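Labels run A, B and C following the written order; every chain starts at residue 1.
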Amino acid sequence: MLTFIAKRLFQSLFVLFGLSVLIFVIARVMPGDPARAALGHLATEEQVERVREEMHLNDPLPVQYYHWLRNLVRGDLGKSSYTRRPVTTDLIQYIPATFELILFATLISAIVGQVTGVLAGYFRNSWLDGLSRLVSYLGIATPSFVVAIFLLFIFSQVLKLAPGVGRLPLIMTPPPRITGFMTLDSLMAGRPDLALTALKHMILPAISLAVIHIAQEGRITRTSIVENMQKDYITVHKVHGIRTSRLVFKYLLKPSIIPTVTVMGLDFAFLMSNAFLVEMVYMWPGFSRYAVTAMLNKDLNAIVAVVLVIGLTFSMVNLLVDIITMFLDPTTRLRGEGS
Amino acid sequence: MKTGRLISMVMVLFVIGFCGLVWSAENVAVINGYPVITADPAIASDWYDTEAMYNLYSPLVYPSPEGGVRAHLATKWEAVGGDFTNWRFTLRQGVKFHSGNELTAEDIAFSMTRFITMGRGNSGPLGKVTATVVDQYTVDFLLVKPSALFPDTLALFFPVEKALVLANVKTPGNYGDYGDYGEDWLATHDAGTGPYVMTSHIPGQRLDATRFVDYFEGWSDEGWGPDEVPIEQLIFIMETDYTTLMTLLKSGGLDLEINGGWTLPQLQEIQNDVNLDLAIVWAQNVTVWMNSKVPPTDDEHFRKAILYAYDYESVVGPWEAFGNGETGIFLPNMPGYVPIEPQPRKQNLEKAREELALSKYADNLDDVKVLFHFCGGLDFEEDVGLQLQADMAQLGVTVEVAGPPWPEYSAECSAPGTTPNMTIFLFAPQAAPAADYYTYSMFHPEGLGWIFEAHWFFEDLQITNMLDSTRAESNTPARMLTYELLQPLIADHALAFYPYQKPTLFAHPAYIAGPKETIVFVGPSENMRNWRINLDLKETLLGG
Amino acid sequence: MREQLKADLLATLKQKRRGFAKGWYKFSRNPISVLGLVVLILIVLAAILAPYITPYPGHAKPYTNFKNAGSPPSATHFFGTDRVGRDIFSRVIFGYRFSLMIGVVVLSLGVAPGVILGLIAGYYQGTWIETVIMRITDIFLAVPPLVLALAITAMLTPNLTNQMMAIALVWWPWYSRLVFALASSLRNEYFVREAELTGASKLHIMFKEILPNCLAPVMTKITLDMGIVILLGATLSFIGLGVQPPKPGLGTMVAEGAKRLPGEWWGTIFPALAIVVVILAFNLVGDGLRDVFAVEEV
């Protein structure tokens, strides 16, 4: 099994390397002067030329890439032309906010998706099944920004049931930052009320993110539950009079989990890209909103850094999913060891 | 049932959390301003960071309601030697920095050198200035070109505390021995003398400040009512979602809004609400430049055609309820103003067609394309563009309207070849509270360039000479006469059209009062020392 | 000779027609897929005939009427008017033109290269050719398509053309991956081996033997992808990097209207619903197609 992991790791590294080359080349080839963009219009020509030398912009492309790679290894991703701070500082500040949101969304989609899938599969062809199929069709067809706007409009603005945009109400002082997770930091600072408010503010954006995945995971769970329900061993258990809940949880869910886990892994990457839109609508000060701002403002260093971070996360999650799948499904493990 | 009790406990917690107090009759003002990225007065640029500048720092001279400047950190100044290149400023004694140390000429000279050397922000209008210390309370400024109006340009020069900054420079940096000149530290720290002291700053998100009791001008109650007290704490937030801001404004979570991004229906809603007020502060001169170096706007007749084709009344109609519409090369309430052609400012398609026929593009109007750019996200500017697009379509001319984001828009306008045919900007009086800011900066070859001169026309030497003479003329009536002669000359070249004088409106609840004096200049209205809060009224309006 | 050819041709046509009829029968067993198809046809027709059937076709072109700005849905303006006074209903119909165009152009540009590369990689499986092609595919698939498309569009001037190029650039890898999987398993089938033994050229094998057997899943994927590509296009426009105002892109309209919530809700809600409807229609049709082809797939 270790050889399998090693092989996959090597593959991921290669892909990331290729990605870095791709995005770097695109960023450097595009029109625009990064030196002038960093200094602003009022800087003199000498100042701009000096910065151009510093950034190695006059060197051939492979040399530039080498310098950039060296800085990357040292943890220096360059300076953002928009916030005028090191990109690494920006990333450290904004990533936890997005992570908190994505984790919450994954939790919601996992629970709700599984529950609806099991119910739909168990009571297949009933009205429950039909309803969940309808909802899942809608869920897949609706862009995340539409969901986000709808939810904000209905629950926050019209019904006034949920708070508005942002992580906390504007005048509340955020707790001192330890992890960057608003809920955890608030609890650690001894302010459970703040943690609760933060949680409330996360509900609508997390649901907006989760909707499409609830739809997909629900469908997949339903399909595999239906498949497994036909199996002989289930019939045997039923005949022996096993309790329904035990049947569902112990014998049906476990084999159905494998395809779900695979899908969840893939979904994580899509969660990250949908977070772009949800964070925009909810003014969430997270990594994805930073990414969108960087792209709208042609902040080249930030764009490259953002693409790499996403690529890295995606690869790691895929690797993790593969490993988990191997644990859960012995056949994959054997197959994996064979190759 | 254990679960039942657990559920009800959770529910109770939820309810408590839900009622989370958003307001209180505390002496705090939550202000929604522009996103302050850096609080460094040498880098703060345009008018974007003036909310921080005017509260945390004091400028050397202060804009006065009549135009021009009055004494502030400096008590008097004079041109030594009579040729307006050498200016001597005498400082007020006993002015304290937030650190407790006294302000001296050393700090002024250091700050000026720093300002000019770093060469960013609002240092442009000053040109190259050399500062020398004469004695503990006297500084000399040596200019390269004589300017009778030099003191006016110091309204956006905010001295910093030399010792404090030098103690916090980062080496190595761009400025030799001075390292990074304290740029990194000053971005989130305070070295000023202003009425408020910074307590925390998260760039782009939030700035907290508390009242500086030892502020040199004091906190007099003169002119204020018995219940109106100075604001103790300021919280500057930088929210861009105006639906949220409206909710906060109505519920007491927002005390002052200075960014002014309300939509027209929202402004009307605020106007109709008894508990909310709109303070009309400075005005913005909406200017649409026409690039004289790129076809088809390189032809004067074509430009004149645009002037007559635009429907001045359509976009502005609903806005006129908030303020006067007419404007010209500079703002009507500045001394020396005269109205310019075309008058009346009404659409005249007949004349537009005449001018088009006289232009060199008369025979191939189908091939010409006019690019109209505005700063992305700004509705009013986009509306002007869309209106012009529809108007020119009636004449058979294609206008393309696009709104790139600010950094790109700004970069486009830095050279004549890349500037779009038409660019729209809102110029608020900043850098200097006088006509000179508009005339010299925008029409002299040595003006500010960039968005200030996006017409790129400097061929009329008569105009250049007249502009030079306004700078050297210390006799005010003579200078005003020159301005009055200048404006029609400039207007004759049709380098811009001026759709509207857009008022800046600060929305606030009725328990906040201010500003004390209306100064036609960006910044002083945001000086929270000029505002007071009525705590009793606040309690009544929110508690009831 | 000619008689024989003619007879062959007729037989093939009859076979195709029978195949088509069989397929249609299977498709029509799914009432919601048929519904999707009907809606889709209506949308396509509406988009093509937009200038003739919309009440205010001029509003999709330069037009302003600030006096009538922000009026709610009424008999004269079914979806109300926007901030500038333009009729939203007409603009939505014209907006469908952009959406459909994005889908068609992107898939035309992206499918062919992806399929060809996948074929080559699948045929030459196990060699360096396969490794190179598939590793490049992996690189493009290393980030979600939205992110890469955003990054590329961001670095160019945002407009419709660049947006389509960027999405196409990001889309081809999915097809090469799909076709690679199909081709590499088909490659070892008996009929391919036979063709090789009888001396058929590599091109013939790839395009005449393997490709026809990949068509069904590719066609299904194309239909499902139409919905996703349209979604991606709307997303880019929403962010501000796609169809630029004042052009009536659906995503652009949602973004413009979002600033006016909740008061002038019609500016956002109707374009948003329009997006959902067209994507849903494509998804339903795609699902139906998948059922049709399911049995054929081995």
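In this text, a residue touches a chain if its C-beta (ideal position, glycine included) is under 8 Å from a C-beta of that chain, and two chains touch if they have at least 3 such contacts.
Computed from a predicted model, the values in this text were never measured in an experiment.
When every chain is reduced to the mean of its C-alpha atoms, the one closest to the centre of the whole protein set is A. Ranked by distance of CA centroids from chain B, the top chain is C. Rounded to whole angstrom units, the spacing between the C-alpha centres of chain A and chain C is 25. Centroid to centroid, with C-alpha atoms defining each point, chain B and chain C lie 47 Å apart. Centre-to-centre, using mean CA coordinates, chain A is 40 Å away from chain B. Counting partner chains per residue, chain C has residues 240, 261-262 touching two or more of them. Counting partners per residue, chain A has 32, 157, 296, 298 as the residues that reach two or more other chains.
Counting partner chains per residue, chain B has residues 243, 376, 405 touching two or more of them. By the touch criterion given at the top, residues 242-243, 263, 265, 314-315, 317-318, 376, 379, 382-383, 386-387, 389-390, 393, 399, 401-403, 405 of chain B touch chain C in their complex.
The touching residues of chain C, counted against chain B in their complex, run 61-64, 66-67, 70, 83-84, 240, 244-246, 259-264.
Interface residues of chain C facing chain A in the complex, by the touch rule stated above, are 135-136, 138-140, 142-148, 150-156, 227, 231, 234-235, 238-241, 251, 254, 258, 261-262, 265, 268-269, 272, 275-276, 279-280, 283-284. Interface residues of chain A, counted against chain B in their complex, comprise 32, 36-37, 40-44, 47, 81-85, 157, 164-166, 169-172, 193, 196-197, 200, 283, 285, 296-298.
Residues of chain B touching chain A in their complex: 13-14, 16-18, 20, 22, 28, 30, 37-38, 45, 119-121, 123-124, 174, 187, 203-205, 235, 237, 239-241, 243-244, 247-248, 253-254, 376, 405-408, 410-411, 414, 450.
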